[in-house]
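What follows is a group of structures, each given as structure tokens.
One chain, chain A, links the two complexes that follow: it is found with chain B in the first and with chain C in the second.
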Partner chain A sequence: MSAVKSVSLQNEIEQKANVNLDTCMQCGCCTGGCSGIDCMDYSPRQVIQLIKKNQRERLLKGKTIWMCVACHICEDRCPAGIRISRLMDALREIAIADSSLKPNMQTVFHKTFLGQVKTFGRTHEGLLMMAYSRKTKTPLPPTKLIIDLLLRMRIGMRPPHIPGKSYRFIIKKVKEGGNVHGA
Partner chain B sequence: MVLKIGYYPGCSLHEGMAKPFDTSAKLVCRKLGIGLQELPDWNCCGATSGHSIDHTLNLALGARNLNLVTKLGLHAVTAPCAACFANLKKTSHDLKDPATCQMAQELIGEQIADVDVIHLMDVIAQPAVLETLKGKIQNKFKNLKAVCYYGCLTVRPRFVTEAADSENPQTMDNLMQLLGIETVDWSHKTECCGGSFSICGPEIATIRTNEVLSQAKATGAEAIIVACPLCHSNLEFALHAESSKIPVVFFTQLLGLALGYSVKEVGLHKMLVNNFPWIEKLTS
Partner chain C sequence: MDIINKDVLVIGGGIAGMQAALDLAASGCQVVIAEKEQCLGGHVKDYTCLFPDLSDGSALVAQKIARIKTYSNITVQLATEVSDLEAVSGGFKATLTNNGKAKTRDFGAVIFAVGYSNFDGTKYGEYGYGRYPGVITGIEFEQNIEKVLERPIKSAVFIKCVGARDRSKGMPYCSKVCCMYTAKQAKELKRAHPDADVYVTYMDIRANFKNGEEFVRSAMEEERVCYIRGRVAKVFPKNDRLTVRCEDTLMGVPFELETDLVVLATAMVPLKSTNALVSKVGGKVDDNGFINSLPLAESSNPMEVAKGVYYAGACAFPCDVRESLNQGSAAAAGVISYLQVSGRP
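Let's turn to the complex of A and B:
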């Protein structure tokens, strides 16, 4: 991280997400429509301002990037056409690569999810739920719901998929590329 | 007329909660002359964790799926799942950039051709398919008031999805009206239900879900029609917790009923609210 820190956060984000933050006029359309705003510490409009002010720690340690639900309302409405969802993705990617930051419910979920995808090529809702629940010590859904779903044959009971050679090849390639943040 | 298109079911439709979406989509397409060819050994599209924390992996996952379409000799693929559609469409969009395409080709070790990604709703809404549909409707709905819930990813971001209107879309409304359903205009048709956070961020998911549900109920709708398995399970589970009798169903299930399939064939008996009087709402 030390080499990256010398680069301004704005440059880093602009490059990673292919956006131009200088076109932001702080109108707040993004924030007006934001679906995650109730649980955020900084609004999307403030996020852009904080990036420009190089407030790396405040953003990476804050709640906003993990409470962005990726609904794309912000970028759909942005009059300057800034791809705000991509910018949030870039911030999350920087945060998850930074080992000094504490894991949270969202980082555990994403890593568990992608770990399963890398192994099986697909996700298995039941196994994912159980693995996540075990890692985070969160309770499984209510028993009545599980029973009703089972009675309606809505929970997949077959073993996970086994992906072919070409799939394992690309996963190996991605790992070699060094952009994998582990399962 | 037979229209051939690649079919990407995605994890949730394949063996998960949204199996009835898969079954009903296949029945409807067969009846309408849409030849779905499932991609062999397709992999997860990566939504939403892939693009959230590892864009290289997300690109590789999407590029491999799109390449499977090319290998079938096809130029387009459809995904009923909104999240799969949006993520595959995003990859297809990103691959138009030569540097990204080069990187993806190195990751999957193969040449990449241009592949169009179309949501199933838009495949069915093509004029020629609509004509076939009109001719094959066996039963129409009567006195059924419903809201069409598009959620986020069938329409946004519009410069990727190419949606005609991302604030007030009409595709699903038009399809359902064709079946005799009274679709209600409402405020939250493209608001987010928080579905991708139902497991890992219930604090925000609950706020979003309650808002969407309270607005849907305020319209007096008897059913909520969706096009996304995440919206579906999220809304359905929330309604189940409050013992509500409002069914949340996939648009393909209602198309299926109108095309003459039974409640069981389209999987409506597998919904959490499975005692809704669908048959009484149909007139032949």
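Let's turn to the complex of A and C:
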């Protein structure tokens, strides 16, 4: 394990998420409150330690960052005040942006979802369902359920909304180099 | 040796204040102890078992009170608050209020021995203090020890650092004594219920006292108290008992523990009134609200807060009984040298 701190995952995460990981006491309160802990391979506390030990591969290829439901309990209870949810977001962003990583169900969903938002200004549940199913090669829900969803207007038959010029301008600006934290 | 014929005001009649008063009186000073409660003894009068030697705090307090009674030059004013304090030329003017009646007197020096308050456990909603009867604080354990030890428990969990080392709640400091008193309480519980499972959940173990490390180790090794490294995230009711949710960080395993009693090792917090009072005579409190002494190189006595003003005890930082007594004596020494007619520092 590398102990070199100069060029490191810790620096990258600390800048992206605006946190100071050296305030972590490894107390485990985050893990104790975590909603998704039963599905994770590393606990939130271990994730912080792995970041400090530069274990990029383990984190980006592991299950934990995708099993996080962003409930914020960890962040709320952390005695060091570490924004663990933001840290998880940062890890997910790094994973999505890393083209060398094999796609998983969550990254495909993320890209499909945001792809639709960029194009249509909002998601179209029906198209999203079909695109996701095609890309992940997983079956659509059973016909009975689809009819039920249609009847209860959870998915619509109407074609997707096409956004106006001002929206496309915003998207263009964001692509040119804005970031989600507004700087 | 001439002592200036001026009275010394000791604000607070806990063990630090009582010790200071005794040392001052034995050296010939006239002392007034202003104590806001109906009796002397502060917190320690409720502690029947002190770490690590398991001596009786209430007996210690009784001994100090008995000695105070033998000095005609100590005046004890109970149910009395210092409602105003002013530095004037040659000393201080203090207004002592008792039962609504205020009286202003002159003093040559002042010792702040106002002690501490107990952290409010309800601030951690996730621990259920105030909602579940099975959740008590460390202070309540001490004050109701017989009743607590009588509870029919099969399991108990102590949670340390409640109200301390938590910068997200604005309390970054370590309350120093909780690791020790928790080990003591865990031992007491285990002795009363040898078949019960007693757990202490911790982030660290700070046993920086004489015989402290040995004391905590004996809780683990002889009494078989089970120490688990992990800060508890929440306490909730289940199956008519309480469940505690945390991670065993040494094993890297999250888990839940069913228990009957949860004891929150709450921190010592400063009194809110201290800042206002000590500021009136040139004293300052730190970011946590505890009295600051002068920088060591600027004072002739380590308990000096400002000219003629000294402190003793937990009002300056959490400390144990022995340390409070040490500081009481140190403050008395500071006042005595301050009041020397010749060679005034």
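FYI, the second predicted complex is superposed on the first by the 168 of 183 C-alpha atoms of A that agree within 3 Å, B and C clash if a C-alpha of one lies under 4 Å from a C-alpha of the other, contacts with A are read in each partner's own complex, and residues count from 1 in each chain.
Criterion: a residue touches a chain if its C-beta (ideal position, glycine included) is under 8 Å from a C-beta of that chain, and two chains touch if they have at least 3 such contacts.
Quantities reported herein were computed from a predicted structural model and do not represent experimental measurements.
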Which of the two partners, first being chain B and second being chain C, lies in contact with A:106: first, second, both, or neither? first
Under the stated touch criterion, which partner chain does A:170 make contact with: chain B (first), chain C (second), both, or neither? first
Partner touching more residues of chain A, chain B vs chain C, is chain B
Which holds for A:60: it touches chain B only (first), chain C only (second), both, or neither? neither
Touching A:127 in the superposition: chain B (first), chain C (second), both, neither? neither
With the two structures laid over each other on chain A, which partner does A:73 touch: chain B (first), chain C (second), both, or neither? both
A:146 in the overlay: touching chain B, chain C, both, or neither? Say first, second, both or neither. neither
Let me check the overlay on chain A: which residues of chain A are in contact with chain B and also with chain C? 73, 81
Which chain C residues qualify as touching chain A in the complex? 126, 161, 165-169, 203-204, 229-234, 245-249, 252, 254
In the complex, chain B residues that touch chain A: 11-12, 14-17, 19, 41, 43-44, 46, 48-57, 60-61, 64, 106-109, 152-153, 156-159, 166, 191-192, 194, 196-197, 199-201, 203-205, 207-208, 237, 240-241, 269-272, 274
Interfacial residue positions of chain A with respect to chain B in the complex: 35-36, 38-39, 66-67, 69-73, 75-76, 81, 83, 85, 89, 92-93, 96, 105-111, 113-114, 117-118, 121-125, 129, 132, 141-142, 144-145, 148-149, 152-156, 158, 163-164, 166-167, 169-171, 173-174, 177, 179-181
Complex contact set, residues of chain A against chain C: 23, 25-34, 37, 43, 45-46, 73, 77-81
